[in-house]
């Protein structure tokens, strides 16, 4: 597929995710981690304007000088930005303004991608990075919309009929065993990957087994009913503080109504489907669940080595690995270099993909990362266990 | 005018204030004191539904059971309410939903006010209280919209072509002198007034003079240029903390652009009109300004006694009086009794009216009140001075 | 009594209050309103050094240049000061250092007061202000020590055998009636008073009655047992928030142990003496109690007019008056002028005196003031009621 | 050395660290991470009382029932504890009380350790754990005392003449190269180690080099003078926020006085010794410094593999490794199991030892850990670099 056509498809999907929202839904930011949908739509547009059109397209006219201020996110290089906690206070630009901004940039990008005779590899790479960047925000659009409506007292339903993967049914468990050895980790192909996956390198793994299936709602409910949220022994010290000060008693979006567990979805409140993989748990909860089972979470190297035999793709899976640079990691120059490296502290790696991930966006080497208490993503749990190793 | 016609007019004005807003503007709550416009439109509707239709109208069907939760404000009697800091997180009910809610209640109120043969005085009083309640929210609509758009980096203009009083030009100053004596304070007529104005009572006033004109932008600018914001001697201790920690340097909505002072208005940024009364100052600023002048603010009794000789109506005027009950104050029974009395601590009285006040809403005995640091209302400054008294 | 002898007595009393404390008790600051005892001892010393010795005593040698930074409290004029929340972090100067500082200043003051041939009236007034200032800190020493030890889980007893007034026993109630009229308010004598009492002025009072006795623990217990802390109708809106967010259920220092109410005192935990006046209540609680009784608190003018027929002196009595300047109030020049005026916002007036007040320190015109939620002082409740007035 | 004699020595060293403090210095807690010295002295005593004497010593009489509440730290198993932010509010138990508590427990421990005929291995292990626990608090005593006095405006000197290692002079740099290979990590001997060092396991290391010397003050000063604290490119995103919101401009305890850098020490303020290893830097600063040099921090496995050729022992060295469990990690049963595992999230590993570490306390496999922004420990920087690896 050529760049222009791929551009068109990526951009269209972002808008299809928002189809059926009310204008008001595009505006609010109920917690700091959730951005208003119109911000996502503007920010991804700003990316193409700032990193492609402005430096490279002849005669490109900026849509609105002030949008750099409004839609910049974390790019210190590029200038002042709206602090994250203020995004939900901005009623303007309106949704219509943002859509006009998208149309303006889309027209210029179409011209640029179809009429320019030849791109440098660097430029092509930036355009492709823009696609993946927008796909990341597509997932955030889905999870942020769910948060905005799922924390509204009316708990409204909303359309979710964009392309997405099927969520598996979990029945029974199989375990995959892996021998000890040195295994390669990191991206090695010729396609796109993020800078944090690069620097393919060797890792020694002691023997372990890893479960083929994710943990189900049914299994997680056992933990709740066994008093898991009331027993500090299963929790990190700061996880326990989090449970106590926020009175956490179940995954996000779970509601106990007349003795029956429900969860909130795009169709509104529904009875909890017991055989689906548990979703919307924090790292603290994933770790506590594994402790309770006498098991542990896999490391990201264990996951990557075994991944072709695992059932994955419906939940981002918390791993036992902190988000740190691979041995050969080096930041790119300029603003693009701010993409990943500067977040490599105090976050945990998640592997896999989720039902909200744009199809084709993730990879076996993909490294997602979030802070331990966050759970508005479709996060789930996979179990692992160490096996006896040969003596050194 | 009969109740039904007055109802129609009051309700129409609220909507005319919001005409020309984008749907997005109805949603946000950039600070805790500012409510989303759609909340005001819903809350005033909820008032009529809850206190008139539900208890008194036969066959009234509640529009939506959950709206009591969403649109209740401070009425502890009536049930759970959305905490004020959460109002800006609610994208639903949408503006269209709120307008449908208004239409539903308006139709029922029309039927009720035209078809019911006879109202008790109590019921009539509640309906009239609803008019005044809605007028109060009309003023908040105006000031909250100004805040929402005046704190947006795009500083957009917006239509303000609803009925409103003229703002005077200030040129020169005249002082009114008042002899010592016992004067009556509080409401004495037969029309509507709030409970906090009742209990007409005697107050002894020592002789004083009070300025006929409000303080102008020009006069206030002198204070700024004389270093008023840099000299602790003019400020209350907590006013000085407020200035320091929030780096306050001018009234709200003032911008110094290339050495020229501007202010934000419904027409966008405009050069500061020097001869208009200063607006959007806190009690701390009003008090500091008076200190700097070697004068003081009037008490509410001084103001009320002299008001018929003052030029008032364009700015709420901070007084030197804390908001406390009049000697004979007694709360009404039930939810209506929560209207005023429970706020009688830690607030200052403002007298007069402002350019945002619904014409006819205020009275010489009207007691408005706000916390000392607030300034998103059209608040201004009037000066007074004690004169020599006869010995006791 | 001459100044030198009075100086000696005042200074000795401050130290006698602290007798029997451990060195450690002098250091901590468990909440922002409570200062470490050694800070009080140093700050009162700093007052004499800064306002008397440095400007007026020949050859006075500053004890330690850095103490100005450490022991300054609110005097912006005089230079940088330790923010109040940091006082409890300073282990140095040690208690011994502070005592050496006191001895150094006391010796210089003794020399100054006995050897100087003639003082200006201004200087005499500053020395006398220093006595009253130290007496105020004597009361704070008593209440801060009670807080420090009364919030320690060991609830230790401590010696309180310095001079202090007797706490009355309350049995029965008598009411004093006062006719309407114009009454004089404010200080009129030739002795010492604070600037906030000056400006004797006329006030019109409508007829009222006021109870001779304070409210007793027994009476307040009735309020608790009638569910007063669970019923929002008796509370200011912000009082109700205070009760809810801090789960207040009784006055400070009350403990319910095996169904029996106790209170913490210098003798440790003791059964609650039912016939003593209730102490350690906030303004919110005083007001709610009066609401529950269908009565109200007196204004400060009502109190002052009736005070010679009241039983007062064991509790600071919350009044229905905000702390505001008297009509003729004017700040003194210089740092002394920061004494009172800058606190005249958002505080309530308390009248009388308490068992912790230095004997002779208070007066019928004395105006004490605190923020509405504070209750670590010996604060109590007196009831009043409006009587029918003649028509205007 | 027998247990009783070792007990005596360990306990004596804790007290010798505090020799020369004023009683007041034992009380304060200027920030949440710093505990009052008397708390450390009490808490280490509580450990022996709770885990040795109470369960095992016949006829042991608890010194004071309430001390369990006061001196418990993180042990959820054992009952309520004083929240960390409250420790500095407690003036009692006094230093004398704590010393009496120590004497009481020391006498009972002496009897127990000398008279009991035979201990189980488990019991011996708990006693030895108590020694190491107390040694950890000895280091905290040293760093907390430095913080308490080094944040006092008087910057007092204090005695530090207990046994401690020599701080090296850094002149020149040598680099150690390490070939790729599988190396063993973790404790393998028969002596004492903490549970977090156990589970000796294999790690594959790519080739790297690591500097023999720590980074010196002189080298770090170059970073400051090159504008390192003003350039976001060297910092983690949250490190940059930390620098900005706390206006960090140099390591803790550095003061620029008349153009000359000083640092605070036990001898008071001293000119910065340029050839000593830099101390009191956060992980953010260590990482930013390495980024600026175009190098990186070593991982803990790289450090452990090369440690016998490194100059270490004067600074805790931030590594590029998050604090996570080793593959075979398992918590001990009961309260002792709370020792380390529950902290394994959101902290970074530090290796080595510092001038404040009790001699003999650390080991090549020792894993210390702190949160990224903390720097009141003697934390320093070692540099590493990846070398070209053989292809996979």
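Note that the chains are named A, B, C and D in the order they appear, and that numbering of residues resets to 1 at the start of each chain.
The definition used in the following text is that a residue touches a chain if its C-beta (ideal position, glycine included) is under 8 Å from a C-beta of that chain, and two chains touch if they have at least 3 such contacts.
Every value quoted in this text rests on a predicted model; they were computed, and no experiment measured them.
> Counting one step for each move to a touching chain, how far apart are subunit B and subunit D?
The fewest steps needed to get from subunit B to subunit D is 2.
> Which chain's centre, taken as the mean of its Cα atoms, is farthest from the centre of subunit A?
Result for the farthest chain: C.
> Using Cα averages as centroids, what's the distance between subunit C and subunit D in whole Å?
Their C-alpha centroids are separated by 46 Å.
> If you average the CA atoms of subunit A and of subunit C, how far apart do the two points sit, in angstrom?
Here subunit A and subunit C have centroids separated by 58 Å.
> Roughly how far is subunit B from subunit C, centre to centre by C-alpha average, rounded to an integer in Å?
Those two chain centres are 36 Å apart.
> Could you list the positions in subunit D whose residues touch two or more of the other chains?
Not one residue in subunit D touches at least two other chains.
> Which of the residues in subunit B end up touching subunit A in this complex?
Going through subunit B, the ones touching subunit A are 22-30, 38, 66, 69-70, 82, 88-96, 148-149, 151-154, 156.
> For a test of understanding, state which residues of subunit B touch subunit C in their complex under the given definition.
Going by the criterion above, the answer is residues 74, 76-77, 180, 182, 184, 200-204, 206, 208, 232-233, 235-240, 283-284, 287, 296, 320-322, 324-325, 327-328, 337, 342-346, 348, 372, 386, 389, 392.
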